[in-house]
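Which chain is which? They are A, B, C, D and E, in the order written, and residues in each are numbered from 1.
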Amino acid sequence: MNDVWQSDWSLMTPEWIVLAVAVVLLLIDVAMPDERSRRPLAWGAALGAVLALGATAALIPAEPASILHGTFRLDSFAKAFKLLLLAGGALALLIVAGWNPKEGSRYGGEFAYLLLFALLGAMMTASSGDLLTLFVSVELLTVSSYILAGLRKTVAASNEAALKYVINGGIATAVMLFGMSYVFGLTGTTNLNEIARRLQETNEPYMLALAFLLLLIGVSFKLAAVPFHMWAPDVYEGAPVPATAFFAVVSKTAGFVLLLRLLVTMFAAAPAEGRDPSSLLLSMQPAIAVLAGLTMIIGSVVALRQRSLKRLLAYSSIAHAGYLLAGFAAMSWAMIDSLWIYLLAYLLMNMGAFAIVSHIVDETGSDDWDGLTGLYRHRPLLAAALGLFLLSLAGIPGTAGFIAKLHLFIGLVVTEPGHYVLAAVMAITTVISYVYYFNLIVQLFFRPLFSSAPLGRMSAGLSAAVVLCALGTLALGWAPGLAYNVLAQFDHFGDFLP
Amino acid sequence: MTFLSLLVFSPLLGIGLLAWVRKTETNMIQWIGTAATVPPLLLSLFAFIQSVRGFPLERLDEAHHWVRLADFPFLTDAAYVIRYELGIDGLSLLFIVLTAVLGTLAAVASLLVNEEKKGYFMWLLALEVGMLGVFAAANFIWFFFFLEVTLVAMFLLVGKWGGFERERAAYSYLLYNGFGSALLLVVIAVLVARTGTANFALLGDMLHHPVAEGQLIAPLTSEARHWLLGGLLLAFAFKLPAVPLHRWLIRVHVEAPPPVVMLHAGVLLKIAAYGMIRFGIGLFPDEFRAFAGVIAALGVVNILYGALLALRQHELKHVLAYSSVSHMGVVLVGLGALNEAGIQGAIFQSIAHGLIAALSFLLVGVLADRWGTTDIRRLGGLAASMPVFSGYLLTAALALLGLPGLAGFVGEFTAFLGLFAKKPILAAVGALGLIFAAAYSLKAVLNVTFGRARGSQPPAGQSEPREAVADLRMNEAVPAFILVALIVAVGVYPQLLAGQLAAALETMMNGLGG
Amino acid sequence: MTLSAYLALSLILFCIGLYGALTKRNTVIVLICIELMLNAVNINFVAFAKYGPHPSVHGHVFALFAIAVAAAEAAVGLAALIAFYRNRKTVRVDEANSLKH
Amino acid sequence: MMEQWLESAPSWSNIALFFGLGALLLAVVLAFVTYSILAERKVMGFMQGRIGPNQVGGRFGLLQTVADVLKLLLKEDTIPKAADRPLYVLAPVIAFAPSFMVLAVVPFTDAFRFADLGVGLLYYIAVSGLTIVGVITGGWASNNKYALLGGMRAAAQMISYEIPLVMSALGVVLLAGSMNLVDIVNAQQDVWFLFAQPLAFLIFLIAAVAELNRTPFDLPEAESELVAGFHVEYSGFRWAFFMLAEYVYMFAMAALITVLFLGGWHPVAFLGWIPGAVWFALKFCAVVFVFIWFRATFPRVRADQLMEFAWKVLLPLSLANIVLTAVVKAWFF
Amino acid sequence: MSNIYANSYAIVFVFLCLGVLLPVGALTLGRWLRPHVPSEAKETTYESGNNPFHDSRIQFQVRYYLFALLFVIFDVETVFFYPWAVVYDQLGLFAFVEMVLFITLLALGLIYAWKKKVLRWM
């Protein structure tokens, strides 16, 4: 047990910070008189996330290492994705700090620390080197998310969102766990690297394939990939906007982290059935590609019919998940790089959009796109910012979305034979997505004012989130070198696979 | 900031200044907006003159490190380095001059736009940046970048400042061109992914030379090259537009504000021609042969289809829109000929049609402003009330039908000359279109100018019937005059253009193997 | 032989649970079905831990954690259901339709 | 004796043997129940200055309970029309069976014990929890307001006290390093856990009383409030089985307390010549006496006091006890 | 060893059978002995002499469910304590620290519930 004491606990600094801040905030919330505003708690939580972000950044030069018998691994993958998760969490917390709902419960302190706990789960997912910790941390994320979705206790939509989320999430968990049990059974260990090693020697191709498919389905639920996406729009619509932002960005990022950690680590070298010499993961490529294609198509086509901003963004996030899945399905050598860049861009533009939607919903009490109509007339800057985020989501050059999409495309076609069909589907759905993003732009800039009552001032938290996201979106669009320099620090995740 | 960057981005200064002007000061906005188009004009003219005097354009090339997309150990140091690269040759310089000239003229003509002028000018300038950038880019990524700037700017300009069905037009513009762009992006991605570079020159090297081909990151089979070229051509066919992908063009030409159409018909359509020449022939000369026949045939279809439909239109804007379709067919014909004359003709035609279309739409804009309609059946006898205007309109029509001595003739003649050498029958059929062109342009214009005066229609904003509608004002006459002068100049002295093109054409013909 | 019997049992349980979770309308039953699926997982883990090709105590540990997480999930699920019931006076999933489709 | 049977290869004859032994234990338990009820009445009688039963079976009323049981056997059994019949019939069985099942793991002496489970304590806790299902089923099936309310209350109370009960037993497990009840008894050779774990003992005792639904925590059956709680509709022998379950639980719980805290069959110093069975019986009877004593002494608590006591006092205390025990063990052993 | 294991569970099974057989046997015996004279009045639901009204399966106070939820959480978390307690000797200080952390989190949960007035019965 001595190695436990000698392990380098400083590797977990970001996690410790998040945990400590969450616990302290919980205690403060409990000790506070009921009538005091809980808003400072959200600011505190955001500060905590930023601190943890700093700590993670400080850890970047650290050598890859694992502690706690290999259950906690700090490799470049973990660092890179923790940066994303923490940045997303911090922005979501800014939105929480600026959240000012017209209906629903009073502003509870729970929001701040539940979000931090969920963030902690996501971070641990990125750092897990063991099936068990992976599972527990994912559950920490999802269970906290269920509560976040239902936090507006008196609003029926919120209850419904929470209920649907629990049911679908529960099924997903069970399916994934069932897959995990087979993996465990075939290898007798829960350490991911060890599993990967032992799977190479296994001769149970069918059980292995079953395990893989179960895991893939379970993860697809979490990613809201078609056909396991039905819950996402309802949950996104019913949940409070900051929670929706968190689900759409941080949870989705965590889902991809899970996908990579789980499937790639374990199955990259596992043998496939039949005479095909390639690995199981590669032999499953067509299945993943179909999943990706369906996700892109359904996500963007159904988004066309939406008038609710939250639902629209929900379907748009499904479509984006499809793009990311396509990048995953390509399995080129630049896969993780391109996913990271895409998720970074996705984070910036989506968080910004959600911050503005949050303001609209707070002010008008509805999330119909009417709320945007003619926004340009009295809030030109806000409208411009939203326009920027929408252009970025559409992947127009000069914004973060373009660079990210370009990278994905390159990843899709870099190998011979390239995934031209996926690339084509992605191109077509991108054009379809132009329609609904530009629909909103039309609402923003072309139409006359919907209501005479101007929107109120934007709260500090929301403004901060919008400004940060807008700057980030532009910076990544014009000087993507900034992001690529960060990415270069991770040395292409060479230490991801054992 | 060096010369080309300055040239491309100088309109941004205007956008910056406009941001500080109050919305209500329309005069101020008009002045600033117009002034902002002058620097690129001066710079491009300067470059043109220098180039004519023998200044090597390569010395204007700019390259700065921008981003490195991947630096895996197994890649060379130069792989996936995307640089900010601008560079021009004679071909692009011509288009840049065209853009700059039309940009200024469109800005002057924008006096007709009254609504939300500030936003209008900001986007108009953005559009100009995009167009200049497209021609100045020496790198696929930046080419695409500027192309998409034009997409967004056009969407907003059409959708917000257009006519009655503006949003529909904007969406159809967005969708068609979006598909084109997306397709182009896929092609670009394949090229960048496989070669590790986006620079045109380097790409050309890598794709043509067997030695350099070994440096490809992943091999490009000949089948793949055919597909790539096909994709590229299809992408530009959306933007050109080639029949049957032309519906958006009609809507945009009808609905967009006339100054915007000046730019659109004058420059944006030419981006497609430019792209086909630069990338199609420039990067895939061998594969291009396989497509030449199809392209030529498509060109002929374009010519005839556009011309026939133009003949049947009652709306002047429709006539001009279909004539654009028809004229872009000539570009395709030239390209399909795939010999020096053909390509030169295609380029000439692009420039010439740019000037002619700009002139036509300038005049149509005036017409719409004065009479509130551009319906041929409701106009007539303007030669009496608006003599100067009618004169210009007639000139435009003559240029449009390809009267020798005017710009249109040079392009059409050379292009068909090229095709006759290769496919005489096709060329003969296509030439029929020229006759139709004479028919529809004269029919439309003569009806308007000399037909029976139908002065009963009051113009927009005025209640009593007009007896004497104001003729061309100064700010309309000057651009019109400049355009006519240019049309005549090109028509009479095509060497003005050809001299610039010689070098570029030579490399291209070398690529084609003779 | 023993192992496959356990695996068959757990597979059957899992399928029953999945079927119920996907088709039943009463939310309580759906939640129970999810528990059933999770218990099938536990059987798998424990069976593998004892009779699997690589017997190991990790399976028991995993089962423990699965139980704990299942409990947390059930607790949150029931809480969500109670909140839903208080607003809507129903526990039927198909009546959870106030959100647009 | 038992040990060698346990070690022999499992066979049908073994099972038959166990069946016989189990039936024997059942007989003992039934006898215990018979006389514990009598004892309860007598003791309470004395405590309240009465004599208690003294007619049937001589001066001490030795056959009083037997007569009661016979009477119950002969009473008419009615099932209300509104009741859920299958559940109504099933409920007493569900309530009773686990109460007897838990006895399988209790070691009475070194030799006289049944199943030797590594997780004996956990088994006891798990199985004893099942009775709640029987109780709540009975309350629900009766379709009677008092019964349902009583059932719900019983459930709320039993689950609330289950947690301090389980957590206080942890102190014992910590010290013994095993969940096997035999090991736990053996760990008390020198010092009873009553002295090593006084806090745990106190919590366990209180929680045990509450689990048994005995005064002062007998709210589920509070006559003055709920008539008779969850079994208000039951009559005759069905009712008897609820009662029987309750007393068998008392037996089991007293045995468990003896095992966990009072050193099981181990003798008090210097008195080793007295057999272990006697020691066990003595300690066991003392615990039963305490239960009866409580009943005679304490007034019933209020419902809110009852629940809040479990969560706000016992639970934190038992958590503290775990930490305390761990600290003591880490530092001093 | 495995014999003990198998036999022990055999005993558990035997006890289960006995536990079920006794009530079944006794009730069957009782059926032969006891009278059976049903009447309308006997079969009505008892309601302290009043005629029963409404359905008795009423909606319960939400606090019952809240306590049930708390129970589920705490009871299952206790499961983690038992293996820990058994091997505490072998794991030493690390196990202690880890469990203190765990208990702290549990206690936090309790405090949270307490302050949110979940533990109030009335």
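Quick note on the criterion: a contact is a pair of C-beta atoms (placed from the backbone, for glycine too) under 8 Å apart; a residue touches a chain by one contact, two chains touch by 3 or more.
The model shown is predicted, which means the values in this text are computed figures rather than measured ones.
J.: So which chains are sitting against subunit B and subunit D at once?
T.: Where subunit B and subunit D might share a partner, there is none at all.
J.: Could you tell me the least number of steps, going only between chains that touch, from subunit B to subunit C?
T.: Between subunit B and subunit C, the shortest chain-hopping route counts 2.
J.: Out of every possible chain pairing, which has the most C-beta contacts?
T.: Chains D-E share more contact pairs than any other pair.
J.: Using only alpha carbons, which chain's centroid is the nearest to the whole structure's centroid?
T.: A
J.: Relative to subunit D, which chain has the most distant C-alpha mean position?
T.: B
J.: Just how far, in Å, is the C-alpha centre of subunit D from the one of subunit C?
T.: Here the centre of subunit D sits 32 Å away from the centre of subunit C.
J.: Per the centroid of Cα atoms for each chain, what is the distance between subunit D and subunit E, given in Å?
T.: So the centroids are 13 Å from each other.
J.: Rounded to a whole Å, what is the gap between the Cα centroids of subunit B and subunit E?
T.: That pair's centroid distance is 81 Å.
J.: Centroid from C-alpha atoms only, then distance subunit A to subunit B, rounded to Å. What do you get?
T.: Computed value for the inter-centroid distance: 42 Å.
J.: Where does subunit B touch two or more other chains at once, residue-wise?
T.: None at all.
J.: Listing for subunit C: what residues touch at least two other chains?
T.: Expected reply: 72, 79.
J.: Pull out all the chain pairs that touch, please.
T.: Listed by label, chains in contact pair as A-B, A-C, A-E, C-E, D-E.
J.: Tell me, which parts of subunit C touch subunit E in their complex?
T.: Listed in rising order, the residues of subunit C that touch subunit E are 64, 67-68, 71-72, 74-75, 78-79, 82, 86.
J.: What does subunit E use to touch subunit A in their complex?
T.: Going by the criterion above, the answer is residues 91-94, 108, 111-112, 115-116.
J.: Quick one: in the complex, what on subunit B touches subunit A?
T.: So the residues of subunit B in touch with subunit A come to 65-72, 119, 141, 144-145, 148-149, 151-152, 155-156, 159-160, 167, 170-171, 174-175, 178-179, 181-183, 185-186, 188-190, 192-194, 217-221, 224, 227.
J.: Mind listing the subunit A positions that touch subunit B in their complex?
T.: The touching residues are 333-334, 337, 391, 396-398, 402-403, 405-407, 409-416, 418, 420, 423-424, 427-428, 430-431, 434-435, 438, 441-442, 445-446, 479-481, 484, 488, 492.
J.: What residues on subunit C touch subunit A, complex-wise?
T.: It is residues 10, 14, 17-18, 21-22, 27, 30-31, 34, 37-38, 40-41, 44-45, 47-48, 52-56, 58-59, 61-62, 65-66, 69, 72-73, 76-77, 79-81, 83-84, 87-88, 93, 96, 98-100 of subunit C that touch subunit A.
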